[in-house]
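Each of the two complexes below includes subunit A, the first together with subunit B, the second together with subunit C.
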Partner chain A sequence: MNTLIVNGRHVKAREGAMLLEVIREAGVSLPTLCDHAALEPWGGCRLCLVDVTRNEWDGWAKMVVSCMFPAEDGLIVRTDSQRVVETRKVVLDLLLARCPDTPLVQKLARDHGIEQTSYQPNPEPTDCVLCGLCTRVCDHIGVSAIATVNRGAGREVAPPFHEAPPDCIGCLACAEICPTSCIPFTASDSKRTIWGKTFEMVRCTLCGRAFITKEQAAFYDGRNGVPASYFDTCDECKRKAQAKQFSRLSAGAGR
Partner chain B sequence: MNSISCADGQPMEAILERHPREEASLIQVLQDVHRAYNYLPCDVLVQVAEALDVPVAKVFSVATFYKAFSLDPQGKTIIKVCTGTACHIRGSGQVIEEITRQLGIGPGQTTSDMGFTLKTVNCVGACAMAPVLIVGDQVHGGVKPAKVAKALNQEGPRDAH
Partner chain C sequence: MRIESKAQFDSAVRSAKKAAAGRKLDILVCCGTGCLANGSAKVAEAFAAEVEARGLAASVGLFTKKTGCHGFCERGPLVVLKPSGVLYTKVKPEHVPEILDKTVAKGEIITKLLYKNPATKKPVEQYTEIPFYKNQTRVAMRNIGQVDPTDLEDSLAHGAYAGLARALFHKTPEEVIAEVEVSGLRGRGGAGFITARKWRAARKAAGERKFVLCNGDEGDPGAFKDRSIMEGDPHAVLEGLAIGAYAVGAHEGFIYVRDEYPLAVVHLTLAMEQARQRGLLGKNILGTGFDFDVKLSRGGGAFVCGESSALMRSIEGKTGEPRQKYTHATDRGLFECPTVLNNVETWADVGAILEHGGPWFAAMGTEKSKGTKAFSLVGKVKNTGLIELPMGTTLRHIIYDIGGGILDDRPFKAVQTGGPSGGCLPESHLDSPVDYEKLTEAGSMMGSGGMIVMDDRTCMVDVARYFLSFLVEESCGKCTPCREGLKQLLIIYDDLVAGRGKAGDVARIERLAAGMQLGSLCELGKSAPNPVLSTLRYFREEYQAHIEQKACPAGICRDLTAYEIIPEDCNGCHACFRACPADAITGEPKKAHTIHQGRCIACGACYTACPTDAIRFFPKVALAAAASGQGGAS
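Take a look at the complex of A and B:
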């Protein structure tokens, strides 16, 4: 097991852990926007910056994004050094200039002592912080219906050709994972619409509730051994059926 | 979506034959497609995605990321005016104005006869020759507005503007 020093305290790190995990386990809070437990670290938001050094580095330290830096034995980590705090403030200042009206960005900035951006606010305010969670979760599921397009100041998340994405299965994972809830969608009992594409729903054969899209059922059919019949009933009805079975079994066992 | 220009599919087959069918070939294939069509037609991007087994969203992401790729049809001759610091100071602005006056197109635009596309680039690395004008493959250094007409004439017929 690796031992590190985080803000002066000795902490243990599990093999293969990244610094961010170790720092948070040590009870030190670090802001992040692009980090998600279900996805690989990405290092996109640059908010989890820390200083790392070693005894043999003679006082030299380097700034790294903690989400992508392996928690190696003997590292000395500071999350509150002056240059780290200042750099993080610059990142938040820039984010606030990009997203001046976004409550989450406003709150993060305020938590770090920034009430107003020192840069020129974006003339076309957006809620998208370009954390990449939506495109990464879409890739992770294996759909890859959306991606970032263009570059620099014009970079945005969009479906190919800015048209309804043919590959989208309407799972809404992108909208659910978005930290600023900036991907619009509508969901009713009969239809879902996201990225300009409308989806028909599959209904539970027991309770009649619409619970997934037809495209989702088709996408998961046969994957990881999931049979098509799995989507005949919704999660709730499956749970109920299971509970019934359990109570029958336990009643049988009590006898 | 932009217009379609690959009804025969001939160049596509030849291009795809030259590269291994894998994601790593994407940029080389796109470069070849751009050379064959002078831009990236949307339906060809879909074909590339299918052939290399890469999501269309990824292909579109790469195609929009690089400045070397255009999703709009380009003129036969590409005019590039360097607007880097040295060229800017030495009058690239007036060179652009002169081209606009002669061809009736601004940066990023194409003449209606598809003869010329005007682009501005940030630095071509020839600051000693500033201001630099590149017409097709021909590089012109120390360009003054009065020299623009000659540089354009070398490459082909002028638009009727």
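Take a look at the complex of A and C:
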């Protein structure tokens, strides 16, 4: 167990933890946009910047992103030093200029005392904060149907060549992980559409409900020992069947 | 034939030297990129054909060599005759018979092809007497221009791989690192990290698989020294890498070279093949049992791939974007293995250090910056080209003695070093010595050795804007401060140069710059505000003029500048009329001309063309003021 000081308070950290986790466990709030429990930290949004120092550093401190800095023993962390607060405000100010109409960004900015951006508001407002969660979750699943394209100010999330992505399996993970819900999709019992690609659904052989896309079923077929028959029934029917099984078993036990 | 022992290496060098000495005369035709663009390939062909036709190779031992960049690109195509050392400039294929007839056959000098010293107005025969060359000390570029980069034998004759032989036959890896430590060598990519410290860390790092990498992703506007080294002396790079690999215990290396350097790719590839054939790369190098081989990794032209972590990701086949790391590459770098990444020039220095010893290198330079440093000297300077000098040389010496002063003898205004991560230094810094610390203190940096000289016809606000426009496209866009910050800075600067600057803009720039320096993920973003901050530091009054008076003191920002002809100074030579691209000038020859403001695009071509200084520029706002004043009067 490592011991650190966060904003003057001693806190314990589990081995292998990053600072962000320790800071939040200590009850200190830190905004983040690109952090997600299911994914490797990325360090792109720069909102979780903190100052770290050590007693032996003679007052010298460095600014690091807490999501990627290991919570080493003896670290002295400040989330509220003047330069950290000021830098975070500049980042939020810039994000607000990029996404002037986005409620989440407006709220984060307002929480830090920014009502209006000091910079030029984006003439073509977007809700995309370029946190990279969508592309990273897509990579994580193993599909990599979308990616960021172009560099610098022209960076955006897109499928290859801005065409319907051949690799997309229509799982909607990108849309659901998006912190500003800015990836559009439509879903009905028969069809799903995302990234300009339409997917046919697989229906549950028991209840008839459409629950995954054919591409999803094909993608998982055979992976990690999942048999194709696994997708004959939906999760709900599987749960019901299991519940029935349990109730039969417990009825039998009581007899 | 593979070289498999020290004796075989010594004999290979002896026979290479003997072959070189056996030639009576070498004709060195510069085939660096600058001279090639000026048609030097045709000159080399003409020499080869003419020598062949006349049977001179057999009779007088004449040998034509296509060499790497001689550096004096301004005067290319360049031809040097050895051993006499005569340099001919701006040589065309039609000059070839004359050179063979006169200089080669009779030893007569062709005066019209000589370099003329502008200070003395006298032609200079020997290239070593030309101030541009006389004031240089070449280490990393020791063989460039001397050797045929496609000929390993020629390189061996000039000392290539002597350092590697000394390391492998006479030193342990620790002793190699100690030698480099004594030399004081620091990273030539610009940051100046102590090379021996990096190597030692990688040597000590746990892991069987280690890498040495060469950063040839030189991308700073105006910089081309790494290009010239890779093109002109690829064996120096390979030798350095092999020595480094031996020192840290690596058996694999990569040279990351941008694909926009096609000649570098060709020469490096060829050099690698030749080195493998002779047992200087690959398995059991020089019969010592040491294995090391190099692969070439070609970059796709992203500036950010010169950043250490982005470069490694790019080699790994991933998107060339930096990743945040709080571990050193010497512990976990390429493919998570201990990795040493050094710049092309650093690697090229290593062979010479091992050959001549650390103390030899450390005897040059300043207390903390040892040895020599290569620079690409460009901009408004008379002798543009590639130079190498001891650290600690003053900027004044570089610009005025080697560079020959400012073009057209205009006043000096600033010198930009370090590319988009560096800054612009004013005249008050001309006498400061060039070393890592001094440049950083002054708000610039060593960077990759680009040195852009600017005259009084340079608007410093516009210069900062230019670097922002470069960076806004070259930022990878991963982190918010760099991506959005550069975009917003450029918007502010676009306003400044267009006369839309507002009170408070400077404060907004400074706040944003601080946020980017502290908040950005990699060094590209952290250093991106440097051109902005250094121009603010030294040329703040130009910002004020743009914002408060809507005036560009240098007369460069077109939206803020108007030109007019002073009638009494105009001799009607018509030069401005011919120069004007917008048909905005009228006037009969020998009579005073007039600029029509409505059509003038304020490009300044007339100002440059006028031989009698009869054209002046002034703030455009004065035009509007005059117009409204007239309107009020009538």
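Just so we're on the same page, the second predicted complex is superposed on the first by the 255 of 255 C-alpha atoms of A that agree within 3 Å, B and C clash if a C-alpha of one lies under 4 Å from a C-alpha of the other, contacts with A are read in each partner's own complex, and residues count from 1 in each chain.
Methods note: contacts are C-beta pairs under 8 Å (C-beta built on N, C-alpha and C of every residue); 3 or more make two chains touch, one makes a residue touch a chain.
Everything numeric in this text was worked out from a predicted model, so none of it was measured.
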Record, for the superposition on subunit A, whether partners subunit B and subunit C clash or fit.
-> clash
Looking at the overlay, what does A:A147 touch: subunit B (first), subunit C (second), both, or neither?
-> both
Once the structures are superposed on A, label A:C45 by its partner contacts, choosing first (subunit B), second (subunit C), both or neither.
-> second
Check the residue A:E236 against both partner chains and state whether it touches subunit B (first), subunit C (second), both, or neither.
-> neither
State whether A:P159 touches subunit B only (first), subunit C only (second), both chains, or neither.
-> first
In the superposed arrangement, does A:D111 touch subunit B (first), subunit C (second), both or neither?
-> neither
Which partner does A:D167 contact after superposing on A: first (subunit B), second (subunit C), both, neither?
-> first
Just subunit B (first), just subunit C (second), both, or neither: which does A:T87 touch?
-> second
Looking at subunit A, does subunit B or subunit C touch a larger number of its residues?
-> C
Overlap of the subunit B and subunit C footprints on subunit A, listed as residue numbers = 147-148, 150-151
Which positions of subunit C touch subunit A when the two form their complex?
-> 302, 304, 319, 323-326, 471-481, 483-488, 491, 508, 511-512, 514-516, 518-521
Provide the residue numbers of subunit A that touch subunit C in the complex, in ascending order.
-> 42-47, 49, 63-65, 68-70, 83, 86-91, 94-95, 97-98, 118-120, 129-130, 132, 147-148, 150-155
Footprint of subunit B on subunit A - complex, ascending | 135, 138, 143-151, 159-161, 163, 165-167
Given the complex, residues on subunit B that touch subunit A span 1, 42, 45, 55-61, 64-65
